[in-house]
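In this document, chain identifiers A, B, C, D, E and F correspond to the written order of the chains, with residue numbering beginning at 1 in each.
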Amino acid sequence: MQKKPVLLTGASGALGRMLARELGAAGYTLRLTDISPFPDPLPAGAKFVRADLNEALAIVRQAEGCGTILHFGGNATEQPFETIIEPNIRGLYHIYEAARREGARLVFASSNHTIGFHERPKGNEAKLDFDCQFRPDGYYGLSKVYGELMGRLYWDKHGVENVNVRIGSCTPKPMNARALSTWLSYPDLARMMIRCIEAERVGHSVIWGASNNPATFWGKDHRDRIGWQPQDNAEDYRAEIEGKVSGDPVEERYQGGFYTPIEYSRKGGFSPRDAFDLD
Amino acid sequence: MQKKPVLLTGASGALGRMLARELGAAGYTLRLTDISPFPDPLPAGAKFVRADLNEALAIVRQAEGCGTILHFGGNATEQPFETIIEPNIRGLYHIYEAARREGARLVFASSNHTIGFHERPKGNEAKLDFDCQFRPDGYYGLSKVYGELMGRLYWDKHGVENVNVRIGSCTPKPMNARALSTWLSYPDLARMMIRCIEAERVGHSVIWGASNNPATFWGKDHRDRIGWQPQDNAEDYRAEIEGKVSGDPVEERYQGGFYTPIEYSRKGGFSPRDAFDLD
Amino acid sequence: MQKKPVLLTGASGALGRMLARELGAAGYTLRLTDISPFPDPLPAGAKFVRADLNEALAIVRQAEGCGTILHFGGNATEQPFETIIEPNIRGLYHIYEAARREGARLVFASSNHTIGFHERPKGNEAKLDFDCQFRPDGYYGLSKVYGELMGRLYWDKHGVENVNVRIGSCTPKPMNARALSTWLSYPDLARMMIRCIEAERVGHSVIWGASNNPATFWGKDHRDRIGWQPQDNAEDYRAEIEGKVSGDPVEERYQGGFYTPIEYSRKGGFSPRDAFDLD
Amino acid sequence: MQKKPVLLTGASGALGRMLARELGAAGYTLRLTDISPFPDPLPAGAKFVRADLNEALAIVRQAEGCGTILHFGGNATEQPFETIIEPNIRGLYHIYEAARREGARLVFASSNHTIGFHERPKGNEAKLDFDCQFRPDGYYGLSKVYGELMGRLYWDKHGVENVNVRIGSCTPKPMNARALSTWLSYPDLARMMIRCIEAERVGHSVIWGASNNPATFWGKDHRDRIGWQPQDNAEDYRAEIEGKVSGDPVEERYQGGFYTPIEYSRKGGFSPRDAFDLD
Amino acid sequence: MQKKPVLLTGASGALGRMLARELGAAGYTLRLTDISPFPDPLPAGAKFVRADLNEALAIVRQAEGCGTILHFGGNATEQPFETIIEPNIRGLYHIYEAARREGARLVFASSNHTIGFHERPKGNEAKLDFDCQFRPDGYYGLSKVYGELMGRLYWDKHGVENVNVRIGSCTPKPMNARALSTWLSYPDLARMMIRCIEAERVGHSVIWGASNNPATFWGKDHRDRIGWQPQDNAEDYRAEIEGKVSGDPVEERYQGGFYTPIEYSRKGGFSPRDAFDLD
Amino acid sequence: MQKKPVLLTGASGALGRMLARELGAAGYTLRLTDISPFPDPLPAGAKFVRADLNEALAIVRQAEGCGTILHFGGNATEQPFETIIEPNIRGLYHIYEAARREGARLVFASSNHTIGFHERPKGNEAKLDFDCQFRPDGYYGLSKVYGELMGRLYWDKHGVENVNVRIGSCTPKPMNARALSTWLSYPDLARMMIRCIEAERVGHSVIWGASNNPATFWGKDHRDRIGWQPQDNAEDYRAEIEGKVSGDPVEERYQGGFYTPIEYSRKGGFSPRDAFDLD
């Protein structure tokens, strides 16, 4: 088991708090950081430092001596560009410099919104593999693409290992029909993080962050490198959620769901593909 | 012929000055902008406004009424992250918002450094197609990836057409052995820009910015959409340049050339691929 | 009736909330924005976006497609200069650029504090007409003068129509003796806003924002251009308020009331006019 | 003669250098400041400190012990708003706070561009008096209005005396036909500054900054308060300049000259007054 | 008794609130300021203005007319450097410029953390005098050193008098064993502040901020200049607190207590002195 | 001989250029950095990176792998506070964090202006030892005190070794009478730097940066720790310089020379010591 401390950013968010609890219980030495106070009792041996991702040395200093950084900090929803750039672009750079300095492995909370403008597969259509084209569905998704490719760069240039988890819908229970495809259970995420920490070698890896859902949109990825398989299944909740669909044709057509039509300026669910045959 | 004015950013740089001259001579109404003064006589009908890409409304205002934006502004070489983020990330956002507001087409000076960590093909190895994986070779290249994918986003979400030209080595003459593969002549670039302006439909397109070089690294792209074929050929200069190779094994192995080993912290030309078989 | 959406800034303030409710009830399609969350249920068809007036493109984007902008955002009381300049000067510029881009009409919540250092008229003395000299009584009032004259500039230079309402004391009920002259009832303001939206032509107009108070300080303005007449009357509250006067001779002498002596550095109610006959 | 030092901001500009020379020769103790180095030999007893108008205490400190501040600093031509706001709005506030702290008199280099959108008088039409409506012709002119009215505020509230000189065209010789009306000779400006320093009382005054030109656009002002009369006359240069007119109908119609059509977005010299009868 | 108003910064903190109450009761005219609202009823004649220490002129303006400034504002605990620099370094400069302008005396809430890395005296070892070497124990303590020496500079260069109080542990009751040496009672602090205000001459003085504790770490200082003697004694609480010691050998060795081991990167209580004989 | 690279900041300044040349010639591997371009040919094996001391990670990155940092960067003369704080306070923190991360030794170009308000010794008066009271003579000197004491803190808390050289007057030849006491020759400085690099242990040391001048103001310091003795002597230039004295009584009284009377606001060479007997 990894002996060096694990730094968890975004520790005061919903996923951060769950991971702090689960990783603490699993015996990891945790360093927690967030721009907001940590609202829970600290796990045994854990230390929390409040810091802003924009303050370069305050962030770099948190990472000293750590073997793994789980980067869940930054804005986690679609926002105006000006709200995204500081934590998700500049802050990410600080995190990668910290990882490089420490020789630490970085696990990056990426998102399905990096590929949200791919259409949902119909029937037997092919699922989307990890090496598909990026099609971000907003400034948030675009910042996550940037993060994945900074990981590509730091691996190629500096040998910093990183795992990029394209998280689907990570909530205690699936919330709507789309989540039959995209749900990631809390236990599946916690188990994945442990494997990301423990795996011998990861290079630059990409993993679809979804549970074992039969209706998944997604295919091949690097989960074998870390030795993870999801165990939960959104089908257990089908009765509750399969009727929960929006009436928005754009939202229901694309994988990114309700992020895709935000501030959509065209009338009537216009899609570029309707206009002519360039994709 | 396109009647609306064409906005050219980065007009005071080497490529900007050449394009201002050529497009002016071809009869386009030009609006030129740069953070530095424009050093040449203005083409007939052209207007130059000095502006910083960071000033949102100053930039957006330059684009009013324009039908095409040729975005050559921002930092054009590898630099510390802090020097890149403002013009190349924030400034790019201003440019895309301008294009969206005007319904203008955007032509983006992207770079081969978006894919610089792909190895150079040997012998009959397959060439790299436009839809290959991104492998940026520095903060500069990563900012260009960001720009290409903001183009993908604005096309998918707002219907803003954009052409992303992954410029190789655009100099009056090819300068070293690598340029046998990567050279883009000034006339070929100027002709490409005219086709980008005039093409009926472009959607989100990617074009390799190289002349008709037999030793090219690159294969398929969207040049047919705009109706462009390069006419110049680096082989005409082979005698002068084929001996001009660096001794750096990293530089000579990867497509990005001397950007790839910059600040490389490992000894002896280490490549992650040498370490184990994850790419 | 105006069909294009109406953008209301400062929507989460007291006047903003009242106007959102009244204009929503009157059938207008509202876009609401504020730096603070909107605390009320959204009117039917209304959309709220949280934004800072300092973020140029975030503001400009709210205005897209709107036919009228009711600008009630920014600081609404006397504050240190440093607190005023960003929202009330820079933010105002963003709003006017938005109006220019959209060809929208701007209605500006100006203030009696633009002319607060005029003395209150005694007996039959002449009332103050809209084209009187500006005499701001603080940084706040001075920022409102700046706003009115940016309206003058955008009308003269760009044809942007604007109505500048010099609001007196806009509260549910009049609060003190001065309000016998300066009170503006909520219904009178709401009716005025509807007329500002609906009027055929307004050019650059100035309107005194007071109800039908016999003791008013103010005379001629452009209310006929928009077809508005106030219906309420502060005299209905005379018994409650006529004794509510401060003991401050500066406050009671000038129209701006208690803003005028703030940080007044001279002893004993000194007025420059007392010193010699230059005004 | 005024014994306290005179602070001159903008000392390294064309007018600043001339005034430094003339006031130095007249025996005043000068403190000079500018964001650029002072290019000339220092007058006897003068001291130059390089400072940015944006640095509050650096500016306030220059004024210590001074009896008069001649404020010629800041941007002196039409510029994008973002370039104007810091020196001309924030910097002006620093200057006025300095004057208040010292009990100093402020002489402000205002401009004819505060009223540039008034039409030029034809034939026997009335000339414009100092208390006319403000009609700024750009962001520069608007910043000068702001400065004049901050003077109004500081006089009314704090008893800070100030003279606001609406400078016409202050050049060694008149340059074009418009200057027959607007020219201010260097000697006339220098003499006016000495009167501004020496006058016993000025309150809040406004003076048209033009020489004794028969074709002037301007009428009444407060020159008698300071005891100044211009002595030079643009008619002496009529032969050289009367043919120098632009072909632009907007420029030639309004007092502000070529500032008025800058970025004018309407076709064919459109004026709002042409459209309907609201001014 | 000092007749000019007393400015108290940091008025909304624990010590600030106590001093506002006590000095108000003692009859001083108070001006209170803080970045946070003042939570208590205002003492008679007191005025509170909310302001940020970073806003130069807003701060300088609070001090106008004051004869003494009690500077308790800024960060009062160990924090990342980035959190300290703005209020404690830049803000301090604003305060000293205010004092210089007013000819006011400055009383600075310095701290024992300016000398926190001196060892605690054992047995009969010499106590620390005011002119000992500085040995700050963190960024906070270092900012307090900076403040004391800015006081030294402003006295030497500008004749600004200042008293620097190296506060020990100022709490209603002593809290742990270390406080037997370092406790400063609220009444002792309040009496000291009154003496700082009333003393005829102070020059640049340094006073140990502790009550009359027999176990004190500290010896000579300038208390005779102001005529102050502490009256309270931590021994009265010995039974409650003498067992309250941490187990940390670094913390218990040095005067600065638990600040000294914060982020200490060496194992096992390493002290540089252990390593070799350089101090 | 030290094998790790030596980082030299401020490399493009006068002392930096001399040291780059001398240390390069002595065989050290140099990394050079400055905010301005390096104007000389690079010594063999040296690398220059242009960087701003304010950019935290750009600075920290220069130091990677270095064993010694010679910190000559930042402002090197008296300047307004606002000009000093960013490079000399914030930038210094970046440098110390870099040293801590690398376990590097820091050599800090401190200054005699840290003690400039001590009087010059007369006749046989005692010379000033390294552990005298700080008496900075301006914002520059105060920033150097801050730097020395950050060194004290990083040694006490983090074991970062540092040598603080209080440079006197380091010029090719002595320039005035004061330099008979304060001159430091270029060769003496270069030899001292080599000893700072090579010395086995330095802890936190302070060295007077003056040549072997009989008229020195300064006494004991830590030069024996590094094994350095100056070899040059200002007396060799006595004939040229002994008459070069200013007429300013403040300047000639204090060790800091002409920095001490800068912006001195009292008349007639006032010294606080004249006023009463508090020092």
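FYI, a residue touches a chain if its C-beta (ideal position, glycine included) is under 8 Å from a C-beta of that chain, and two chains touch if they have at least 3 such contacts.
Protein identities per chain, from UniProt: A, B, C, D, E, F = NAD(P)-dependent oxidoreductase.
Bear in mind the structure is a predicted one, so any value in this text is a computation, not a measurement.
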{"item": "Any chain in contact with chain C as well as chain F", "value": "A, B, D, E"}
{"item": "Listed pair (B-F, A-B or A-F) duplicating the D-E contact set, over half by residue number", "value": "A-F"}
{"item": "Identity of the chain that, by mean CA position, is farthest from chain B", "value": "E"}
{"item": "Between chain B and its twin chain F, rotation from the CA superposition, multiple of 5 degrees", "value": "120"}
{"item": "Inter-centroid spacing, chain D versus chain A (mean Cα positions, whole Å)", "value": "58"}
{"item": "Separation of mean Cα positions, chain F and chain D [Å, integer]", "value": "47"}
{"item": "Contacts with two or more other chains, residues of chain B listed in rising order", "value": "57, 61, 64, 81, 93, 263, 265"}
{"item": "Arrangement of touching chains [line / ring / star / complete / other]", "value": "other"}
{"item": "Chains touching one another, given as label pairs in label order", "value": "A-B, A-C, A-E, A-F, B-C, B-D, B-F, C-D, C-E, D-E, D-F, E-F"}
{"item": "Complex contact set, residues of chain A against chain F", "value": "56-57, 60-61, 64, 93-94, 97, 101"}
{"item": "Residues of chain E defined as touching chain A within the complex", "value": "80-82, 263, 265"}
{"item": "Contacting residues of chain C [partner chain D, same complex]", "value": "81, 85, 89-90, 93, 100, 117, 131, 133-138, 141-142, 145-146, 149-150, 152-153, 155-159, 201-205, 225, 260, 263-266, 270, 272, 275-276, 278-279"}
{"item": "Of chain C, residues touching chain A in the complex", "value": "51, 55, 57-58, 61, 64"}
